[in-house]
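Structure first, then comments.
As written, the chain order gives the labels A, B, C and D, with residue 1 at the start of each chain.
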Amino acid sequence: MASSSKTSVPTTSAPASSATSSPASSFRQSPWVRWGAPLLLLVGLAVLPLVMTESANDTLARIGVFAVAVLGLNVVMGYTGQVSLGQIFFLGLGAYVTAYGVSQEWNIVLVFVLTCAIPAVAGLLVALAAARLGGLAIAMVTIALPIVGVPLAKRLSDFTGGSQGMSARFVAAPEGSGLYDDQWQLYLVLVIGGIVFLLTYFLVRGKYGRAFAIVKGNENVASSMGISPYRYKVLAFTIASLIGGVSGFLYMVVVQYTSPETMSFGHSIELLVAMVIGGAGSIVGSILGGVFYVVVPDITNAIDPSLTALLQGALLLAVLFVLPGGLVSLPRAVMRGLRRSSAGRGSAAPPTTPSSTPGSGTAAEQTETERHGHA
Amino acid sequence: MTLLELEDVTASYGPVQVLDGVSLSVPENGAFGILGANGAGKTTTLRAISGAVRTGGRIVFDGKDISGMRPDQVAALGIAHVPEGRGSFGDLTVRENLRVGAYLRKDRKGIDEDIDYCLDLFPNLQDRIKSNASALSGGEQQMLAVARAIMSKPRMLLLDEASLGLAPSTAKNVYDAIRRLRLESGIAMVVVEQNANLAFTVVDDATVLETGRSVLTGTSAELKGMDEIRRAYLGG
Amino acid sequence: MNRHFGSRHAIGIAAVSALALTLTACGGGGDSGRSGDAAEGAPSPGITDESVTLGITTPLSGATAGPGTCTVAGVTAYFGMKNAEGGIEFGDGKTRTVEIEALDDTYDPQQAAANYDSLKGDVFAMTAGLGTPTNRAWRDAAIADGVPQALIMTGDPIFSDTDESPMQLGFVPIYQNEGEAFGELLAGSTAEHKVAILSQNDDFGEGYVEGFKSAIEGSDNIEIVQELTYEATDTTVDAQITELASSGADVIFNAMSVTPLTIAALQKAQQLNWTPNWFLPSNTSSPGAILEPGGAAAFPGVYSVSFAKAPASPAFAQDEDVVEYLAALKEYGNYPDPPAFPHCQWSWMVGATLEQAFAEMEEPTRESFMEALRGIEGFEAPLMLPDTSVTTTEDGQPAVSTVVVQKYNGKGYDTVESFE
Amino acid sequence: MEKFVQLVIDGLSTGSVYAALALAIVLVHSATGLVNFAQGGMAVLAAYVAWVLTNQGVPLVLAILASIVFSFLLGAVLERFLMRRFERGDPDTAVVVTIGLLTLITGIAGWLWGYNNQQFPSLFPLDTVSLLGVSVSIRSIGTTLVIVVAMVAMQALFVGTKLGLALRAVAINPQSASYSGLPVERLLMVGWGLAAVLGAIAGALVAPQLTLTPGMLDNALVYALAAVILGGLTSPVGVVIAAWLIGVLENLAAVYVGFIGFDLKVAVPFILIFVVLIVRPQGLFGRKTVVRV
């Protein structure tokens, strides 16, 4: 990510100083655009479920579910730099809490609150212990969550329905709304997911976000600045778990069934892949990650269902090979490509040492980031 | 006899131009200083010599154009680079670090002798010979980095900010050893320093870089006498 | 650090491109009508006068890809053969070809539900898919949409309960049936037996054990001395076998569905010089793929339950059914090797059973199909063993509920009536 | 008592399977600073190559040797043409690339050879010998011995040879290594190649027991990773001992600790990791790394 900071810092560092802004950014600063674009997006999202086909609505709703899950992972990993291989556990936990609450016919608002609270508390407890560790060690502790979670869910069959899982159909469109179920479900996902995204957006832009970034950059520096890496790691992990719980609620809204398979280790890895493919440490990247998580299996199925693993692996490698920064870096990569091809000027002298900086463009910029031994 | 010659060297990271035509020359057994503020292009100049960044212009070492070579090829010609931040191999012991420095050599006996020489030059390392490099203090790591470079029996040493982050007395120790090394071995040097006072204890000539170009070049004595140098780099 | 939010329009672009991606991805589905707007008597989706399309969602990659691939191969081979002969005659007098649309769900319930959603508009019925959670994930939706979920490969009893699952029918015996069959055989033995149980920690293992226990209830000659489980994701069951061996049991009831673990269990017991009578479920008792490499001949008796002829068994090498089946599997099923999983045979029988239902179906509607499907009695599908048949009229039972107990004879199986 | 000893022996034998894979992961980590999730997939591919050759009538030992050569080339090629692009970037991205590689390799194996379980001939007979009153198969003993030899060889490579030292230096700080004249790119290729060789040996050792399928080592991967972390990432001896410890403790916990049982025994290695790392963050046998600002 070292490369991105160079190119985009100017636009972010001084958003307020319109005096010096370029025409493009003043266009963005204009109130019509400032408020119009999000409004347009909002209206678009509000209308979309009404005009799309059922299966498109359904796909979009599933993208929403996993975008939220990836967003949670991003909070702890993309923004705070703590490798978590256990995010799917919190999705599964949230789904089970929802399914159990619905089966007990609790008030749905209470169920939702519990779906946030229980995973958050579970995440907090894990983090209190795990955040003392760093690097790969924290990865191994979090890997244990899905690995142990699956047999645990089977053992606690009184609450979880064992390996046969639990169904919960609680989100039929309300009478008189005139909506189909798929439309209603998509609205629920858009509203709840939208709120989570908005809150996370403010979180990572604010002082907590800055603290997360410093902890990610260098824990020693953080300590010297009076930022406790431990506290912020615990906080990030807890928030990630809470968001994971919400994604579990949305999972039940959309899939309406959960079983131990839901939280299997493989899915946790897939979430990690989705996060990196979308773009680590990025809100938009989380959405793109959700898209990747949901759409790629559908695409590979459409191409040849007997070759899905091969195609998915190839696709993943191809995307990262072209865009090591994830899908979110596509516009930047395109801009760079345009700039390079249009400006064939000799400012940068012809590359005379191609071999020392393999892989051209991005690698050249990344030579600045040296790897140090794992600390 | 000129050992190293840079002619109008340019370099850039992505769209950002970092070196904008740097020229300098270092004679055999000479020591040359590069001064300048943060971001002036000092480190990049050394990286350009080592082949760690793409460059334009010409870099000639011992009569041979080395621009376009890989860092390991440059090292094999006898240029040892002590990078900024010391570049120690944290998980290797001090002795292993020194052996990595001697990677290109085949003379076992000579290597052992040179290890002894390094330990004599930096007595602090003697006690830590079996410790991991990451367990050393900043000053000791700096000494180790210089020692590692010596181990390749270079003809030229590129020294990048050897005083950075060190207590003044430690920094002085490091530079004393470097001066001694220069006197005893005659290795040519290019020394990058923000602390010009320290640099002037070692170098004969120096240049001042600003935004990627040389703005002033002269002997140590000349430069030391200039007011603006004194104000900007000598703390007076 | 806020660099990612630098440009507002980036968010917009991303959102739009995300939507575009989605829409193109879903575009293939066409205008899937919302559930429940089909008029009475009009043809259901997925059926024309010339052809009918069936959907399958099953694991085609991942840990269960082996049996999953088989569930597609068998039925595809069956209808491939029939289509080549001109198609199948339906109860409404028309002759149709049968197309299969199979999707990979990697044994992920969420993906299975998604696959169902993308198929339901195009297919006439769903069939043959493997897995309990993956079939349960869209069971409710199938009921709500009125899409048949017919002859699926799970022994979960819920799919055979007409009240709970009006649009569903399981194909293979419910796990309880298989466990019960062996329990009855053992209970009929004249000798005293100590039984050790090793079962998979899920509904598969539990169902087997439940059926077995209910059959031996009240039998004085049977004592269960120890009961252990393993996880389908385990790499070994050595420790379980070691512990069970020390229990001194002379019979092991081994409800196991993982091929390599079954082989390893057989081998480990021999290494410990523990040679009990061994019971194995129908899906892990292949003579060629499991018993031979496991060295099963060392045991006094290896028993299994079955309703399908094992193609690898020499006894059936010249059998007409088997020869036809293996040839079709190769030609139409994209499955060149003799399969190591019985699911290929079962899926072939699913094809034959569907053909029966199609022949009785008077209208090209899903309702008519479900009615026909539930009216099959005593149908001896190809590859079925004597004394077993497909009967769909019995509530609470899957299409195949009769199994015979068999004993390994060193090469293949013999049907047995009593435990010796 | 006999049961106890038998459980310990069983655990050692299972641990050896984890150790085989773990050693390859440690090798590539020591040589490139990267945890390679595709290590198991590459080992499976090597095993398939050997299996195809034996089916053509090639003697088993020759087939395995051929698969080892194949693996070395595969590892080197993957490093050169795939991983190199990611080696200086974000390490998370590089790890995800190895995950993608695992998916791709598994898919290729499934496409070429299907998902049938294939019998892989064993180097060692399945006969048992009696040891301390319990029975041990010669296959287990053979596997364990090969693992120990591989472990010793690896330790010797890293500590005693110039190549090993160079591999480690490159992993820790490639920039600095190149300033010292180390041919970084060639060394990275060699590191990947050697790790793949170790993987190929692991594959050939465990394939007879696990039976050959495209996903043969997927379940072992998590245990191997646990052993790698527990053993301390840098120490071949450490990870092998950790792998054995995991195998043995899992068995004992399942049998003798009532509430754990066989379903939750998988939690044992992770609890172990957790406790150990709290006390010794560098793992059981890893070298201590002190970070100073």
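Here, a residue touches a chain if its C-beta (ideal position, glycine included) is under 8 Å from a C-beta of that chain, and two chains touch if they have at least 3 such contacts.
Predicted model, so just to flag it, every value in this text is computed and none were measured.
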Chain located farthest away, centre of chain A as origin (C-alpha): B
Pair joined by more contacting C-beta pairs (B-D or A-D): A-D
Intercentroid distance (Cα basis), chain D paired with chain B, Å: 41
Inter-centroid spacing, chain B versus chain A (mean Cα positions, whole Å): 44
Inter-centroid spacing, chain D versus chain A (mean Cα positions, whole Å): 31
Chain C-chain D separation of Cα centroids, rounded to whole Å: 35
Interface hub residues of chain D, defined as touching at least two other chains: 106-107, 110, 172-173, 175-176, 214, 263, 266, 289, 291
Multi-partner residues of chain A (each touching 2 or more other chains): 151, 154, 306, 308-309, 367, 370, 372-373
Residue list for chain B, restricted to those that touch at least two other chains: 52, 70-71, 87, 89-91, 134
Contact footprint of chain A on chain D as seen in their complex: 33, 35, 37, 82, 84-86, 88-93, 96-97, 99-108, 110-111, 172-176, 185, 214, 222, 225-226, 229, 233, 263-264, 266-267, 270, 273-274, 277-278, 281, 289, 291, 293
Residues of chain B touching chain D in the complex: 50, 52, 70-72, 75-76, 80-83, 87-92, 96, 99-101, 103-104, 132, 134-135, 137-138, 148-149, 152
Touching residues (chain side chain A, partner chain D) in the complex: 1, 77, 83, 129-130, 132-134, 136-137, 140-141, 143-144, 147-148, 151-152, 154-155, 220-221, 224, 265, 269, 272-273, 276-277, 280, 306-314, 316-317, 320-321, 324, 326, 358-359, 362-363, 366-367, 369-375
Chain C partner contacts - residues on chain D that touch it in the complex: 2-3, 6-7, 10-11, 13-14, 17-18, 106-107, 110, 114-117, 119, 126, 128, 135-137, 209-211, 213-216, 218-220, 223, 250-251, 254-255, 261-263, 266
Residues of chain C defined as touching chain A within the complex: 1-15, 18-19, 21-23, 25-35, 60-62, 69, 102-104, 106-111, 113-115, 117-118, 121, 132-134, 136-141, 156, 158, 201-204, 206, 231, 233, 334
